[in-house]
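Structures are listed in the sections that come next.
Look at the two complexes coming up: chain A is in both, with chain B in one and chain C in the other.
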Partner chain A sequence: MSAPLIWIGIPLIFSLMLFIIRGNRLLTLIIGGGISAFLALLALTFKIESVFPLGPISLEISSTFTILGRNFVITDSERLIVALLYSMCAFWIFGSRISGTNSFFVPNVLVIITLFVAALSVQPFLYAALIIEIAVLISIPIFFQRGQPVKQGIIRYLVFQTLAVPFILFAGWGFEVAPTSVDSQAAYYQAGVLLAIGLGLWLAIFPFHTWVPLLARDGHPYSAGFIFSMIPTTIFIFFLDFFNTFSWLREETLLLTICQILGIVMIVLGGLFAAFQRELTRLVGYAVMVEIGFSLLAISLNQVIGWQSYILIMIPRIIGIAICTLAISIWKNKELNIDFDSFHGVYYQSTFAVLGFLVGWFTFSGLPLLPGFPTKLPILIGLSQLTITPLIFVSIGLFGLFVAGFRFLAIIFSTRHNENEIESESLLQKIYFSIGIVLLIIMGIFPSVVLNPFLEILSAFANLK
Partner chain B sequence: MNSLIDILPVLLAGLSSLILFIKKKWRWNILAMAAIYVSVFWMVLQVWPTGLAVIKLIAGWMAGAILGSAVKEDSELLVEDNKVEQRFKFVIVMIIWIFSFSIMQSLKIKLPIPDSLLWGGVLLIIMGILQIGMSTRPVRIIFGLLTAFSGFEVLYAGVEQSVLVAGFLVIITLGIALVGVLFIQQEEGEIV
Partner chain C sequence: MITLIPIGFNLFAAVLILVLTRIKANIGRVWLIASILSLTNWGIILGLRWLYPLQIKFPDWFPIGEISQRGITLQLDSVSWPLLLALCAVQTAVIITDSSRLDEIPSPVIWSGLYLVYTVGFLAVLSSSIITILLVWALVDIIEFIILIRNVISDQKINEIVVSFAVKILGLSIFVFGLLISYEQGTPLRIGQEANSIGFIILIAVGLRLGVIPFNLPFVSGSPIRRGLGNSIRMVSVVTSMVVLLRLPMGTFDERVQSILLTLTVVGILFGAIMWYGSSSELEGRPYWIVTMAGLAIYSSINDNQIATLAWTLALILSGSVLFLFSARGRKLTVIPLLAVIGITGLPFTPSAIGWQGLITSGGIIRNILLILSVSIIILGYLRHATIADILLSQKEKWIWLTYPLGLFILILSQWLIFLISDLNWYTSGILFASIVAFVLPLIILFSIRKFLRDSEYTEFLQRIFKPIGNYIIKFLSFRWVYDLIWSFLGLFQRIVNVFTNILEGQGGILWVIVFLVMLITLIISGDLT
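Moving on to the complex of A and B:
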């Protein structure tokens, strides 16, 4: 028995089964969520490359699975990454119960997460680009909404993600041949440029950011939220592999400067667009841009504090996006117009969803006592050590997010012009939002207790500690 | 480029991608797709063994068949060609081809692959991106993606011969075609 067989093979078989029985929504959800939670627990408890006595027999989980001459390797130090991905998978699958996603959501989400695990374990790791592209193709059906044509956001997402693959693969090839090249410095530089374009397309980094707000508007909000949270998480971990493997990347000041500039541009653009945006779906898209910007800033620090923030910022981001998009999905399902003007007095009809959205939103904004604050603060401190100028721009971006949040706050308590009648919330919705809100608040108040264990993820990247 | 045999697949790639770009008739599009993959197979044959190269041909034809089978006789996708639009597109293609041939020498220094692969690959990528950029209909964007991706496959075949990579690329080609079918069905309101 090998670890890739357990964490890639088994869920792949289950997702195929779930695809066949996807008409039975509740059963699919229970099996899909159950298997994800089980695999997450297994990853937390089982040690890879150790012998387990199982009654009269003993079981050893090896780390490697070989197929067509290439290896899939999940080492013991990568168990926490696997656990994180599957626990988030369970979180998203269970949340889909009240989000009104289509029947493709559960089986496709399970297979997407499985492919992400495969992408992070394939050797050589550059083949991950191909596996991530397969996951992107599988993700397309989850955006479809009944009776609606295929919209621009979905198409642009597909095009940008597909065009990233050639850049990443050629960058990988460039890194391989550069040491033997006549002008290795130039070869490394060209490979670096290709890598930057590929990652820019993948992560929606400026100027390739346009698909994010469009997908938020055109796809199903909860499905778009899943993509916004899980694709960057996987790609940022994949990116860590690059930094861990190629030491010259960490020493290349030009690359780090570009990361910093792009990070600041993403934060400023996301924040400013959010401040003037009236549509809630697009608002989440801009928040995602700000979050990606912070991850780039964390990389640009190239210090332990930066790598730690890079990991820590991912966890509240996933939950924040989930809770915000879940709230929007519920409002959209109730045929509420997703525009600020339609939200007068919504607090009194949809209290838990509104509170969930606000807690999620102010997590992105970095409000103290919410997890966005302790995870973003080290990045800001790291930035301020060199010069204060980037900090001013970052503050402008964050201020934009705060403005959007306060504009929403001002509207939801006002009862005038409210022509929308929406049903009150179900018990299930209240439970879901309560869990999300409590999780974020606990993370915000006790970050060292709840978030710091995730720093173990860095143990998989020996050169970054 | 050494001989006519090396130039022919590049010409075939250029001609078929041109037809795919300027013609809107469904059957012409599928035939052009099939021809593109013949040229891809032909070019890849120079660097890969026949057994491995034929995978590209089969995968491409399967992708075309998948897309072709999704269109019904009464579909809204069966649109007529517009002569003025065709002429405009033809002129743009000519400009883009001249541009692509002008950058070929600088690319040749960076990519150590046979000339015909480089020419054919770049031509297909540029035509694919042009198709993606100038189309609004989801299905035509899928054609553009397939064309651009086939161009990348030609270039990458020159530097990488892994069976696993070939397998993944086949899955992606078929996956893009299947997404195209989903787009067609969604446009026609068939997905529940």
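Moving on to the complex of A and C:
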């Protein structure tokens, strides 16, 4: 028995099975969410490359699985990454119960996460680009809406993600031939630039960011939220692996400077666009831009505090995106126009969804008492120790997010339309949002207690500790 | 752990009141228990005077990095104890004087909420690390926002509440920015350490929260919330802001910067004082009272006089609360607010005497005159509002005749107790001429108004002249024109952003990206990047 077989093979088989029975939504959800949660739990408890006595027999989980000459390797230090991905998978699958996503969501999400695990474990890494592309292709059906054509945002998402693949492949090839090249330094640089463009396309870094707000607008909000949270998380871990493997990347000040500049551009643009945006769906897209910007800033610090923040910032981000997009999905399902003007007095009609959205939004904004604050502050402090100018721009971006939040606040409590529209939310919705809100608040009030265990993820990257 | 006793006690009281309300206990009994509990807590805090300094620390609030004082620290010392006692006195006074407003109280659960509000206030007062202050500020702002938004019904008021919340969060963000600058300068901000070069930023942060710099008034038209809860929220909010000025000495400013800051603050104080006097009632004027008195505290802080800052803060909370809770009146009862006035005048060997030392400085004679004038107007306004006829206490039940004055008196008693038993050594004659002028001048004016102007045919004429001038001054000093300018600029900026967004996210957006990609590839091929 090998680890890749357990965490890649088994969920692949299950997702295929779920695809067949996807008509039975509840069963699909229970099996899909259950298997994800089980795999996450397994990753947390079972040690790879250790022998487990099971009565008369003993079981050893090896780290490597070889197929067609390619290796899939999940080492013991990578268990936490696998656990994180599967626990988030379970979180998204269970959340889909009230989001109104289509029947493809559960099986496809399970297979996408499985493919992400495969992409992070495949060797040589060149194949990761292809596996991620397959995951992107599989993600398209989760945006399908009955009787509606595929919209611009979905097409653009597919185009940009696909465009990234040749750059990553060329970069991989460049890294392989660079040591034997006549001018190896130049080859490394060119490979590095290609890698940067590829990652830029994957991560929606400026100017390749345009698919984010468009996908938020045109796709199902919850499905878009899943893509916004899980693709960057996976790519960022993938990116971390590069930094861990190639020491010259860590020492290349030009690359770190580019990361910093792009991070600031993402934060400023995301914040400013959000401040003037009236569509809630696109608003979340801009918040995602700001979040990606913060991850880039964390990288640019090239210090332990930066790597740690880089990991910690992912956790509230995923929950924040989930809770915000879930709220939007519910409003969209009620055929509410997702424009600020339609939200007068919505607080009185869907209190929990509104509170969930606000808690998620102010988590992105970095409001103290919510987890966005303790996870972003170390990045800002790290940045301020270098120079103060970027901070001014970052503040502008965060200010933009706050402005958007306050504009929303002023509208939702308005009493203009709420006289005859008091409508209670279902118990399930209340439970879901309460869990999300409580999770974020606990993370914000006791960050040390809740977030500390996630730092173990860095143990997979020995050079970044 | 002793430091946590007042907080724990308040939480216990909140839970007990909640339980009593749930089991539908009689409102009178619930009030009695709430009063006794609050009074007991006041006694406990008074007793803590002889036990401080005390500190409790929860290290490593956040798992990573060398964040300055990253642990949660609560400290009871000579700075926090007076504020703690003052807050508890206001809590007690609110509950006890609620006896005269029992018929207005929708449910006794309001006292449970009141206890929670003050618990947060206690936390704020005891805060002794930067992270704690930031968290408590946010907590206070959020609680205030929730309580206010649940109690208003008009859209205009909702907008005001959101703007007020936004301004406070802006103040909080500016404080964080100041913290980051301190890191850039290599001297991370710590409690007790002089703020020096970032002192200006901290002042702006505190000023924004209080509405002093720039002169903004979140709630100029007052809130419809009743006296007790409204006053509690306001005072707790003020204390959380003032704690920063008391914990972070401003240090020395550049002379020119200091002069500008002092002048700006004086303008704010004078304007606030005039508006306070002109307000139709004490509740309408409460935002101006806060702005003006906080202005005096900030002015003292800029002059690096911490004890004066504390003295004005206490006057703001305690003397102010006497008037704001003075809902049932009577000729004999007027003596209570008159006693409270002593706490504002700064007459020799009174609680605010030392406050004058933070205001009157050797340079800036015009500022000194304006300050004396401002304090005179504040006192004048206080006396005016205290003597306006309202509901008579004699119309209430007889037991209230005893409890209600007692509730108000506890505020005055607390101010004097703090003055007499704290170890800050603030028995001083203060600035004699300033305090005497500030005290006598309003008395003369009040007497003259009552004697000559009340029924004069000129009153209306004078009002007709001064009202438009006043409105113009309000318009100018409220900086609405600045906000209009900012809105115009933002409108223009929004159009630019929209054009940019449409280009990138429109049908042709993908072409721009491809152009960009080709540019990059060309650069790589030409090897320029190497």
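Keep in mind that, in the parts below, the second predicted complex is superposed on the first by the 458 of 465 C-alpha atoms of A that agree within 3 Å, B and C clash if a C-alpha of one lies under 4 Å from a C-alpha of the other, contacts with A are read in each partner's own complex, and residues count from 1 in each chain.
The rule is short, and it goes like this: a residue touches a chain if its C-beta (ideal position, glycine included) is under 8 Å from a C-beta of that chain, and two chains touch if they have at least 3 such contacts.
All of these numbers come straight from a predicted model, not from anything done at the bench.
Within the superposed three-chain model, A:L312 lies in touch with chain C and out of touch with chain B [touch as defined at top].
In the superposition on chain A, contact is made by A:V159 with both chain B and chain C. Residue contacts after overlaying the shared chain place A:L194 against chain C, while chain B stays out of touching range. When chain A is checked against chain B and against chain C, the one touching more of its residues turns out to be C.
By the touch criterion defined above, A:V109 reaches neither chain B nor chain C. Of the two partner chains placed around the shared chain by superposition, chain B is the only one that A:W173 touches, whereas chain C remains out of contact. Looking at the shared chain after the overlay, A:I323 reaches neither chain B nor chain C. Once chain A of one complex is fitted onto chain A of the other, the partner contacts of A:V288 are absent, as it touches neither chain B nor chain C.
Residue contacts after overlaying the shared chain place A:L409 against chain C, while chain B stays out of touching range. With both structures placed on the common chain, the touch criterion links A:P374 to chain C but leaves chain B unconnected. Overlap of the chain B and chain C contact sets on chain A: residues 159, 163, 190.
By the touch criterion stated above, chain A contacts chain B in their complex at residues 67-70, 103, 127, 130-131, 133-134, 137-138, 140-141, 144, 146-150, 155, 158-159, 162-163, 165-166, 169-170, 173, 190.
Within the complex formed with chain A, the chain C residues making contact are 60-67, 134-135, 137-139, 142, 149, 153-155, 158-159, 162-163, 165-166, 169-170, 172-173, 176-177, 180-181, 183-184, 493-494, 497-498, 501, 504-505, 507, 509-510, 512-513, 516-517, 520, 523-524, 527, 529-530. Interface residues of chain A, counted against chain C in their complex, comprise 152, 156, 159-160, 163, 185-186, 189-190, 193-194, 197, 207-210, 213-214, 272-273, 276, 304-305, 308-309, 312, 367-369, 373-374, 377-378, 380-385, 387-388, 391, 395, 398-399, 402-403, 406, 409-410, 413-416, 445, 447-448, 451-452, 455.
On the chain B side of its complex with chain A, the touching residues are 110, 125, 129, 132, 138, 141, 145, 148-149, 152, 155-156, 159-160, 162-165, 167-169, 171-172, 175-176, 178-179, 182-183, 186-187, 189, 191-192.
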